[in-house]
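Right after this note come the structures.
You will see two complexes here that share chain A, one where it goes with chain B and one where it goes with chain C.
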Partner chain A sequence: MALIQPDLTKELKKYGAFDFNACYNCGTCTSVCTLSTEDNSFPREMVRYSVLGLEDDLKSSLKPWLCYYCGQCTENCPQEASPGELMMSLRRWLTAKYDWTGLSGLFYKSWPLTVLGFILILAAEIGFAARLHFHIDRIIYYGHYFEMFSILGVFTIILLPNIIRMWYFTLLKRKIKAPIKAYYTAISDLIVHMFTQKRSLDCDDNKFRWFEHFILVIGYLSLLFTTVFLNWFETSNLFINILGYLESAVIFIVTFDFVLSRIKKNKEMNKSSQPSDWFFVIWLLFMGITAFVVRLFIDIHLIDIHSTVMNSWSWVYMFHLMILGQWALIIVPFGKWTHFLYRSFGMYFAKIEELAK
Partner chain B sequence: MTDNQNAAATCLDETQFDVMVIGAGIAGAESALKLGDMGYKVLLVEKEPSIGGKMILLSKVFPTLDCAACITTPKVSETARHPNITIHTLTEVETIQRNSDRHFSVQLNKKPRYVVEKDCTGCQECENVCPVITKDQFQFNLTARKAVYIPFNIANPRIALIDIENCMLCGACEKACPSNCIDFTQKEQQLQITAKSVIVATGFKLFDPISIERYGYGRYKNVITSMQMERELAPTRPFNNVLRPSDGKIPDKIAYVFCTGSRDHTVGNPICSQVCCMYSTKQAQLLMGALPMADISLYYINIRAFGKGYNEFYLQAKDMGANYVKGKIGKITEKENGNLILRFEDILTGKVTEKEHDMVVLSVGLLANPAITKVFKGEKLELDPINYVQQPNMLQSPAQTSLEGVFVAGTATGPMDIPDTIMSAGAAATETSSYLKRLS
Partner chain C sequence: MKKKIGVYVCHCGGNISDYVDIEKVKDAVRDEADVFLVKNTLFACADSSQKMMEEDIKTQGLDAMVVASCSPKLHLNTFRGVAQRGGLNPYNYVQVNIREQDSWAHSDNPAGATEKAIQLVKAGIARAKESEALTSMKIATTNAVAVIGAGVGGMRTALGLADMGTEVYLIEKSFFVGGRTAQWGSVAPTNDRGDVLTAGLFNEIQKRSNIKLFTGAELIEKKGSVGNFDIKVKIRPRGFDGNATTDEIQKAVKACPVSTMDEFNFGLTQRTAILIPQKGQYPQQPAIDKALCNQCGACQKINSSFQPASTNEEILSLHIGGFVANTGFDPYEPAKGEYGYGEIDNVITLPQFKRLIELNDNELVFKGKKVKKIAYIYCVGSRQDDDEGKNKYCSRYCCTSATHTGVTVKNKYKDVLNYHFNRGIRTYGKAELIYGQASQQGDVFLQFTLDSIPQVERKHNKTYVKVKDILTAGKTIETDADLVVLVTGMVPRENVELGHLLKIPEGRDHFFNEIHMKLKPVETVIDGVMIAGTSQAPKNILETLNSSMAAAAKVNSVLTKGELSLEPTLAKVNPGACTWCGKCAEACPFDAIVQVDNEGKMVAKVNEANCKGCGMCTPVCPTDAIDLDGFTNAQIGAMIDALAEL
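The block that comes next holds the complex of A and B.
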């Protein structure tokens, strides 16, 4: 028996949803959506669930992850119920539901709390540097270790359990019995969607946005690899050095364009940015710029990574480390970054569901 | 005999009237008739070349399936021949100004017909010789007409006019006319009249679906509007059969797209047009009669069959085999053979579905026609938020407007069907009459 919870409307609005109660069930949104198929028809079903507050049905649905927010549904909605923004809000809400720590929900609903988190991380960084007596060589040395441990820690403690919870809600709880082989055969889908966002190409007039997003993902992941495993800041290998420059440049150029389009609001998907969206693009932009500048300063000897003395240029590295800490400990595990993971797993699970039939 | 003498007496002064009715559709004509019968002197102003408005062009009316022309034409003739009613066609109101004696000074702009009205016999000899062919607006562009033309078969007055925009001034009609009534020297006339009261019966405009690009109207030949289908089904229909425009094939899978331009914020018309569900249902019944083998599917959001006998009429259409599908059409695409693919979400199953049809009828909505507000000088005729004439006292005095002595009838107040329009026109006539009684 489904439990109807009208209060869910209020909850979803805290995640950015507009007046989806205006929906009169005409289905225009679903029929103009180029990604909607006979087996996976959305967003009207999601609007319906949200209006009625069918929390379990929402929580077990993979459909929010199948949407790439081209904005056609919102543009054509006769009731101006903004189904596209509801889908976006549902993705935020689901992220909070998957998160076992509950921090995602708190951060999404309250930007001051997010800022407080950022301040705490800054304080921890300063404290940490103070304990190292502001010896820049040791800060950079431990900063590198911090990167490695934060990736490992965040993944094993937060993200992995959350993905397992997602699997539990969307497949196990719905009693979808998929053979083990399905999990194996669907892996190619997981990889393809995670790294290429191929599905978003089916959204109308979206080729350039797809390309930007694609090189951003590739640039981001490879910069992660270059800094963490190839130790970009301390390497003397010319190839790795140039690679790092390229990757960080890609990140800040693309994210600069993303920030700009959110300011200009020229596309439907950019019209209603939540604080979480701003944090995501701005921190990514800063990360690209600061990584680039730090390595540049090292190359032109403004920062000496072997010196024990902290000069004024070294604060650029401190700033970079702050951005990195805030990114790795707040935005990645609890913020918009998780969409990258949940969306690809959403498609992976959807494929498994399809194979199970 | 006495009647005729009275008529002659009242016709002496052609500039002073008790009432001026703006718009000679069924609302205006009905108000004019009622007031004329009461003995008031009425001026009926119509901007089109014929009176009768939109109803005279319809096929049949719901829910009785009476022939629309058979109801309208007698009424229109009665109006035209009424001794107390003066009609100006092709005439627009320029300004209305209230005088110190509470009467209205009105300036009218009568456009030239280039045909001497009293001499034209409607023989159509001119049409036969005219070399110009252009779109026929009274058949909603389904067929063509000449530059000199009689608006439509049952037009009233049934006399010719020249569409000077498209005329090439060859003079062929002038030579062919047996009564020498073509007169290219006619000019616009400014007429000054006074009226003690005004009835606004300016009706509605039809929504133009060209603005909804997803439906392809204007690009896909077999996507037509309900008004075009109305013409295809009318007794005075252009093809004498129901044909689809692209290749003249008799369609056998026809779809109706409800709420085209109604209940839609994106086109700026958030309200229900009140008649589309029913006229589409009527057309479905007529089509099932005309084309017994055809499948008719009607894609709707909600069926609004609220009037007397309407729900029964809807159920009757369903029983006859009309296929009502809950789900608004999102997108239409055209195939090479001119057939159309309709994409929608079937609300009952919750699945995106595509269906092929060989002809699509867009059930277009009604829009306000607010231009009349501009003619009032020195005072303002208030409109409601959707640009229909505001009724400040809707429950007690539905024909009352924000201006004293100015009344409103029919769809100028909002979308309504024919029975409601007739009642609204009656209400406007009685309210005007009681106002005139108080005035004198």
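The block that comes next holds the complex of A and C.
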């Protein structure tokens, strides 16, 4: 038995969903979806739960993570109820539900709050630089440490507990009894989906998009590794240096294309971008560009990483650090970045559920 | 006796000739006495065959004709036309059915089929021999119509008839015209107001001098037949005659000591014995409810126009040509306990809810509590699994009305939530847009089947509605509700007396029955009596008005010529043989036989305008005094003899 909760229906609209009330339950969305299966059928069921506001059923569902927003459902919906956008909104809402701090929900629902967060981080950065008397060598030195500690901190304090919560809502609370072996067997699925997004290839006409996304993920992860663990900005190793250039170039070229398609709205999934979507692609674009430019300035000696003097070119590094801070402390733990984790863990848990049967 | 009979045997392509040996049939009847010629035709109904038969009648001087072909239902009139064009009386033509009743029925036995065809044709010839020329008679008609019921439908019928020049007597049982529509407030799909619709119609009626409106009036007697009915109408005293100011009327209402539930608001409010016209009800003059009034005289003291003691009942005699019964419906009254109705106090019907909306201007309040969540349960009293046939039908108006009401309350009171528990939404035609509107505004639709209907229960001081929702894969979904609205269907209005008086047949669902839903949608088997609106079946206002206009046109088309020609196949009484036992009058389903004095002897007489030539009277007559033209005892006897002769 489930109680209708009209407030939840209203709440979902704050996460970007619209018009899903127009659904008259024909099921066209589910029948055209190339990813929907007999055991895991969506989006109609999700639309129905959303219309009725069945919070427990939505919170325990992995189905939103199984959708890759090809947009077929929305294109074919005779009632123009935008089921695709509802699935997207459910992913945002779930991200907020998994987040124990509750900040995700606040940031998703209010872009001014996100901007305020960005400003606070900028202020902290300036304050930090002032404490170091604007000695650029020390800022870059500590900036590198900041990267390492923020990754460790965000992962252990925010993301890990959130994934445990996700596991609790979707498997434990639903009393799905899976043997330990299933958790082990399914790991390969987790890895494959995390790095390749293989499932989205099943969506029609998605090959190029998949390729772009794939090299972006690889480029992003390897740039992370190159800057944090190989210390790209301070390295003198030519191979590492060129690798860094390549990786940052991949990031800004691909994200530039993503931003462009969101502006042109040339695909169903790009038609209704929320602030969280814009922040994600634009910050990623800036990160790629600024990383590339900072290293370029170092190589052509416009920035001297051993100098204590803050010349005007060094402000590019300050800008890069600001983007990095905002990215690492807001977008990664509370924003769209988390879909990287939840999607792959969604596939992982779905596989475990399948093995438990 | 006819002496020159032409016989035509039809092949009907191969429909007959594949099984019946046409040549054998021809040979068998060729030598029958008085048969002048025998021919076969490939298709008797073909133009060339018809021409040939016409020529035969003219040149050979045939005095009767037999065509052995298909059912008379198909081509009787075709060949009667042939006879007439050839110069023969159409009633000297006899059709023999050797297709439906022979070749098709006995396709497995050609020899037997041929045998049967011979017998049938011989019987046909025997009947033709005895046939007589008949001519139809004409009667004068009165171009005046009694329209019974002055709701939207009845008023529209009256206007339609008046504009075609027919005299109209509009007879309304209650003291006000307007009917159900005056009660509804905003109505689908155009958001017109019911009271505005009835006001407009009443206004138009006032302008026409050939419409006589009687309120508080009832038909009590009917005599005669189509074109010439004599009726009596009883008019109850209104109990108010003259003028009174609004203030005086209000004072009188206050002074009245009696109280009962107000039918106009379906019991949501109380009224006194003084009936005050509501918005949309006319004439805008009060009346006194005699059944309730205790004659205390309090109202009369305020204004002497109130006459509670008045008893001057009036009986009017009118002469008319036809009727239109537009007597409307009653909303289905749920049984006590049906979805908690009558037991849980916030369970009401849709008609009550429509009144509640009219009574609440700014805030939706029911029994002192603000209403936010409304659960509508559809198909209450409609589409029920009833062996008797009652309430089996869909009431047509309710899905549209309920979704429209959902939209109306949402617009009027803003933060209202609507939950529609339905059995499949049937907002057909343009009303589909209302369903779309309801969905778009966030109304929630849940669907159930008759096997698992919603449960309404009271717990924790709240009313809950629970259902196995088909649209959520059979999951049990529940909601609390401040108001549960039972979307009730239409049932036939209690009209037994009128039905008996006019002899209008009822269907299994107890609505009045037309002859044919599609081909004769407003005519009854009683000539001159039309039915329209929701007296026939559940209808929305639009459909009611369509049928009301149709009934106006149909009854006018019967009466406007001033005369009617009747089928000549009528019963005839031989007064010499008749001893008036009354058996024929008892057998007659159309009240066509009356008792008259014939030179000092009581005998039966046929009212020809009423007689339908059904023949029910002839076999019951013990003295063979009654005969039916076109199917006389002599004809039928001759046919039996011919069939028996093997």
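Note that in this section the second predicted complex is superposed on the first by the 356 of 357 C-alpha atoms of A that agree within 3 Å, B and C clash if a C-alpha of one lies under 4 Å from a C-alpha of the other, contacts with A are read in each partner's own complex, and residues count from 1 in each chain.
Everything below uses one rule, namely that a contact is a pair of C-beta atoms (placed from the backbone, for glycine too) under 8 Å apart; a residue touches a chain by one contact, two chains touch by 3 or more.
Not measured: the values here are computed from a predicted model.
**Student:** Touching A:9 in the superposition: chain B (first), chain C (second), both, neither?
**Tutor:** Only chain C is touched by A:9; chain B is not.
**Student:** Is A:150 touching anything from chain B or chain C once the two structures are fitted on A? First, second, both or neither.
**Tutor:** neither
**Student:** Answer with first, second, both or neither: which of chain B and chain C does A:241 touch in the superposed model?
**Tutor:** Neither partner.
**Student:** Regarding the shared-chain residue A:23, is it in contact with chain B (first), chain C (second), both, or neither?
**Tutor:** second
**Student:** May I ask you to decide whether A:45 touches chain B, chain C, both, or neither, giving the answer as first, second, both or neither?
**Tutor:** In the superposition, A:45 contacts both chain B and chain C.
**Student:** Touching A:75 in the superposition: chain B (first), chain C (second), both, neither?
**Tutor:** So A:75 only meets chain B here.
**Student:** Just to be sure I read the superposition right, which of the two partners does A:37 touch: chain B = first, chain C = second, or both, or neither?
**Tutor:** After superposition on chain A, A:37 lies in contact with chain B alone.
**Student:** Could you tell me if A:272 is touching chain B, chain C, both of them or neither one (first, second, both, neither)?
**Tutor:** A:272 contacts neither chain B nor chain C.
**Student:** Show which residues of chain A both chain B and chain C reach, each in its own complex.
**Tutor:** 24-25, 45, 79
**Student:** Could you please specify the touching residues of chain B with respect to chain A in the complex?
**Tutor:** 214, 259, 263-266, 301-302, 327-331, 343-347, 350-353
**Student:** Looking at the complex, which residues from chain A come into contact with chain C?
**Tutor:** 1-4, 6, 9, 19, 21-25, 45, 48-49, 51-52, 54, 79
**Student:** In the complex formed with chain A, which residues of chain C make contact?
**Tutor:** 373, 417, 419, 435-436, 439-445, 447, 466, 471-473, 475-480
**Student:** Where on chain A does chain B make contact in their complex?
**Tutor:** 24-33, 36-39, 41, 44-45, 75-80
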